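Shared between the two complexes below is chain A, which has chain B as its partner in the first and chain C in the second.
And then the complex of A and B:
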């Protein structure tokens, strides 16, 4: 029985809807119109840009129920509530009469759907407002026509249109059919609502649309998909990146009850974008049988060129590289001379390991390939990307591929890579039936696109007064580009722009270098990406300088940030990447950085007395064009056990839509940040990942979480462009925590995870 | 009273015997879900990757090569 209850908008669904739904869903050509906003964003430089056509996103049924399409993937950020909420607010709809439907992958129709980079609100706030305003205008136009009065005499409010002069009212359901006949207004003529009249935006009063289903266990994730006649598959993948199958013996696997077939899965030599790693698939009548069948396989592997990858040895290589000059990626002033003349030089070496995404729902996809067409149900962050890759892999047109997006049980960047979807597609084609490919936790940990490993080395030169006059930061880490280009050894501009070359400090001599680093496994983007190691290194270093000079951490931080100003990083940074946004709209603003420090210090009572064994740490970071500062209070007992009584975070993400979701993301980032700082580490031995499951790749348990997490959102005017909220909470957490640990114990943490380092404190 | 105690005792015995069977079963298959029980690796035909030797294959399938270069260009333009 088909049990996928996520309300996806498949082509068939829309066609069916045409027959029963009067209103704004009509067989209209897709209209893609450029947005007009008070500020510019990088939205229209993204593949397929933005779409603001109300006929694409809104339909109204005769009973007044409005269906709004959410084109972005829901993985816990609340995006499929927030974007429709913007539309509803602008069109004066009552939220209790709004239904949200998930769009399939179709960027020509909906605009860019890559749900990553903390971009959804900042790229779609204005287009979604325009969708809502257009729909409202069409409803008003229809009412005016019905009453034969000038449109200036009617006004939409509370899900109906009112004739101001007579008080007559028509509900949206009554007007739907006529409204659909109205021309879509020119975007330049649209009257957007005054922000003071917003009913939902900025209020935080609307719960997420999936809340009831999630909390009652009814929510349908990718893992819950069932299709008639579906087969279940697990795959034994090469244990070493770049490895391949030499031979396999399926005899014992085929004896397992429920196992139907054993098939070799095609893989390509690494790097191969998001293509499957290859391996041997066991097809069965249920997942358990498939897993047991896989356990019974006998496989001979060729481990390929990465068979000797050892992360302990590689750490030494990275650290050595960080002690030698590397490619200069930013250069202001004369660092060498300034360091030589400095009264004091402080050197900090920091190490951060590979990390696994470990989303609670492991990768999973269900595919049905038949008659030259493919249909997929999967928790993907990039449905159009998956669609394109499926088409290319099968050699069919993208028009013949449907990607239905389920809820994602976590993503963190892992589900932007569609290798698990391609596995399902290839197996469905081979088997001739729908196939669900299920990754186990072990598969997830062993075959992830791991977060990069990095060594960060900072030398700070101080003058006699303790002022920082020189800063040299070498960052050595395998690049994500190695997943697409053999031999890529330098970080790409987008990685360098995450906390390295965009350093917002008021220091006359700054040099950033990027020595070479080879990749020996698949590297992928992970929530906050390179901001994690950079924030850890930079913010720990600031605390080290404060300690060395007898200064307060916060005062040191404000001094080194310098006065409120727009930061000029100078002409030596090539292809500066400002999170894909125009610097004119999103400059590096030291004033905003200072203000989140000051806000968190005020709200978090920086400097307050704490009990013995407790300490306070602070860190600030700009990422995804947002500004965020965190104070952590930690308690460390005599055995090195740490607890976190309180966390305070201040975030400035510009104009915001859903403060309740921002709070949720920052709270979640504190828990994730704690997990990663305390335990997060993927290590390699003989090319193989050492950890298997959550016993090895641990996550913080509920009793370890911060007892109180306070989130303070910086108010901003409507003209301040929106910026990211999903990822920025993570980078400052670990350095704030480790700075607090130093304050509590005198033990400086320079290498993550913290692990057992405190047991000798 | 005696009857209910007897029922309780029988139920407990069944429960514990059932648990024992499940526990034995789990012990007998400690590696369930960990992948193939028998895996071997043969010496690789590929030279070992080093910091100076290019890692990864350059002789890709044409389609995959195109996908790689398209993604590289996309990421260079848009970031992650």
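And then the complex of A and C:
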């Protein structure tokens, strides 16, 4: 039950339960949440579902300027533009007269705000269309009343309402006050626009709302909050997860110019969920002084239960576990017999290490706690989650907590966890002044909620003709559940559903197993989560089979996917998790999977002649209910240096709102994919993270990025439900790159990062 | 007492002379367009101009900045219409946008000294600036656009 719940109610439900009082829901007139589209989504299963009340999201000033509320967090996906754009389009507003205002954390009012899981467009396209259509209907009703004509004779367009018969016009500003008095229409009677009449949706011609501010340095991120009397803090945290302060000497720190106080910060026992790790804080008049003061602290730590965590030894444990049977999480046919009878068995053992999120803006938050109330300004992906945790930590009610959501300088899942916000709250309370807590890059790398570490072992059995008849995939990795529950050793359904049990292949005998893995540090969501190791293992294995049978990678891939069909894995998997969506709306569609392979092969000119030392690789993966295929061309020189002349990616994310931002997400995924493939690795020794900063945890730079990344978006009809775009670009990149490296060099990469593996090739 | 000029205005500092310029600009002056990324000059988020040349403000002390002319993103152009800024908007470069002040300050320094860089020179000059969102292709195109108007 416990595990089932987390995927449905998101990252947050587990730790806070559903504690917000149900009575509050009635405080806002929430209309029917049934969508009028031909599909349903998992939105209703998220805490507080969706809200589609125009009075919550839209206000119109007398001058006609429309303010639209953005309730989801902006971390670079463009959601702060895309969702308001949907409202504006439906209400026939002119975009140049629209302002976007960010909502504070308040899910009762705005619906779910947990910005993760690539859910925003998928869950809010229809509610936001309903908001816009409702507002339009109310404006039309107000104009008809003013003119004393039937509403059928008036029509909204271009920020005004026109009387069709006489050509009279009333601007939205002139109608604003009367429109607010109109009844909010019943959602069942709403007329949504015909998609052919969309002005903004699907066009990709609107820049992001923060573009000018970003390019002039005016955009406000979490780090940019400034309050009168604010103090600056950095914290020395336990270097080992679960460790704590034994004693500390602040003498030298207090001598540093600008340092004002040194105080201990409360920590929570491991597993600490999203609560702070504790440590010693240095409070100063500026961040530089606080950092210098911290350097001068003397602290004695008790390293606690994870002091022997060692990545080299742990890798061996994972790999050994992957060679023995584990808990069966999917079973079709009889894999054991099929593998025994196979003419050929190919075994692939793949390893992918921990990763740090390393958003360019490190965790940072500003809090002001006074008079029994708390107000924070923070770059959070889960503002209501932060609000509830602050209330619980301070022992006050959530109504006394305000969480102002700034822009996020990157999130990637890290900023779903509000430990850094709670630190600021605790320190503000202790100091009696507003406090900004700044994490340094070292803090970020040392004390992250790291991406899991995986051993993935696949055995594929082929018959005499080379057809794959058996597939056994064992996936061993510490689970995110371990951050919430001591001793959790098995992957939860939401992790198993990311590329393991949802295998869309046409193979008669399939078994997926999940051997145990204990966790020794905080494991958390990282962009695309378990899809990273699964896509790498599965898509590398397909290429290995193609090579072993002398087949073309793409042809092998299409054969193994099999004919276009809906893949019904339901009966073979207990608690199958389809990204929290109803399978009826979002089935595993082998046809769509095939089509992105075919599209990328066509547009990316699969099979083209490439120069000597170059190679092409392909990979496809379904994640966040979207379908994505990538072709990478790589060249590898004699010293093992990689150059990437070209990347092509095809994405089918159903009906889409902002193709320009889908393109940017996919372009960016290629860079993040390159970073994790080439360099990405957080390792532990004596319980401590070995890497410190960008010298150790390296990221791809512009001069090693692809020369060109082409993004091909699958056109799809308005009735195809929207699906994710923020995360799905990432999983196929690394296997496509490594398959290309094999084509170029004959060197098979089975362990990431690539690091120096090609130097010995 | 250290005196320096930031965006044309004289500033004074009588605190710790080893304070990184970054924190003076951000916390003491309140100009928050310049960002913290790594603190050691690895990522370029904190890039400003010192005497017209791109430097990492996180690794430049106030002693080193003394008597010097500093320009931050806020001072690059009075209306935010430096050719690099305009090109950035034309190409829709940013995703989260956090590193972009540093990228723009690096790019504007590049073209001030090399008005017509090749793609190779752009990639080389911008390689000290990390973008975790991965806007590199657009950064390269925007710098090229800023220098060619095409």
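In this section, the second predicted complex is superposed on the first by the 724 of 761 C-alpha atoms of A that agree within 3 Å, B and C clash if a C-alpha of one lies under 4 Å from a C-alpha of the other, contacts with A are read in each partner's own complex, and residues count from 1 in each chain.
The definition used in the following text is that contacts are C-beta pairs under 8 Å (C-beta built on N, C-alpha and C of every residue); 3 or more make two chains touch, one makes a residue touch a chain.
Keep in mind the model is a prediction, meaning the values are calculated, not measured.
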* Asked: Where does A:291 make contact in the superposed view: on chain B (first), on chain C (second), on both, or on neither?
  -> both
* Asked: First (chain B), second (chain C), both or neither: which does A:440 touch?
  -> both
* Asked: Thinking of the overlay built on chain A, is A:486 touched by chain B (first), by chain C (second), by both, or by neither?
  -> first
* If you stack the two complexes on chain A, which partner ends up touching A:706: first (chain B), second (chain C), both, or neither? -> second
* Asked: Once the shared chain is lined up, is A:76 touching chain B (first), chain C (second), both, or neither of them?
  -> second
* Contacts of A:218 with chain B and chain C, given as first, second, both or neither -> second
* To do: Classify the contacts of A:694 with the two partner chains as first (chain B alone), second (chain C alone), both, or neither.
  => second
* **On chain A, positions contacted by chain B and by chain C** => 291-292, 440, 442
* Touch list for chain B against partner chain A, complex -> 29, 31-42, 44-51, 54-61, 63-64, 66-69, 71-72, 74-80
* Would you mind writing out the residues of chain C in touch with chain A in their complex? => 15-16, 18-20, 22-24, 26-28, 30-40, 42-43, 45, 72-74, 80, 85, 88-89, 92-101, 104, 122-124, 126-140
* Can you check the complex and tell me which residues of chain A touch chain B? => 42, 45-47, 116-117, 236, 239-240, 242-243, 246, 268-275, 280, 291-292, 294-309, 317, 389, 392-393, 413, 416, 440, 442, 446, 480-482, 484-487, 492-494, 497, 516, 518-520, 525, 529, 577, 579-580, 692
* To do: In the complex, go through chain A and note every residue touching chain C.
  => 74-78, 207-208, 210-212, 214-221, 223-224, 226, 232, 256-258, 285-289, 291-292, 358-362, 407-412, 438, 440-442, 660, 664-665, 667-672, 693-695, 699-703, 705-706, 708-709
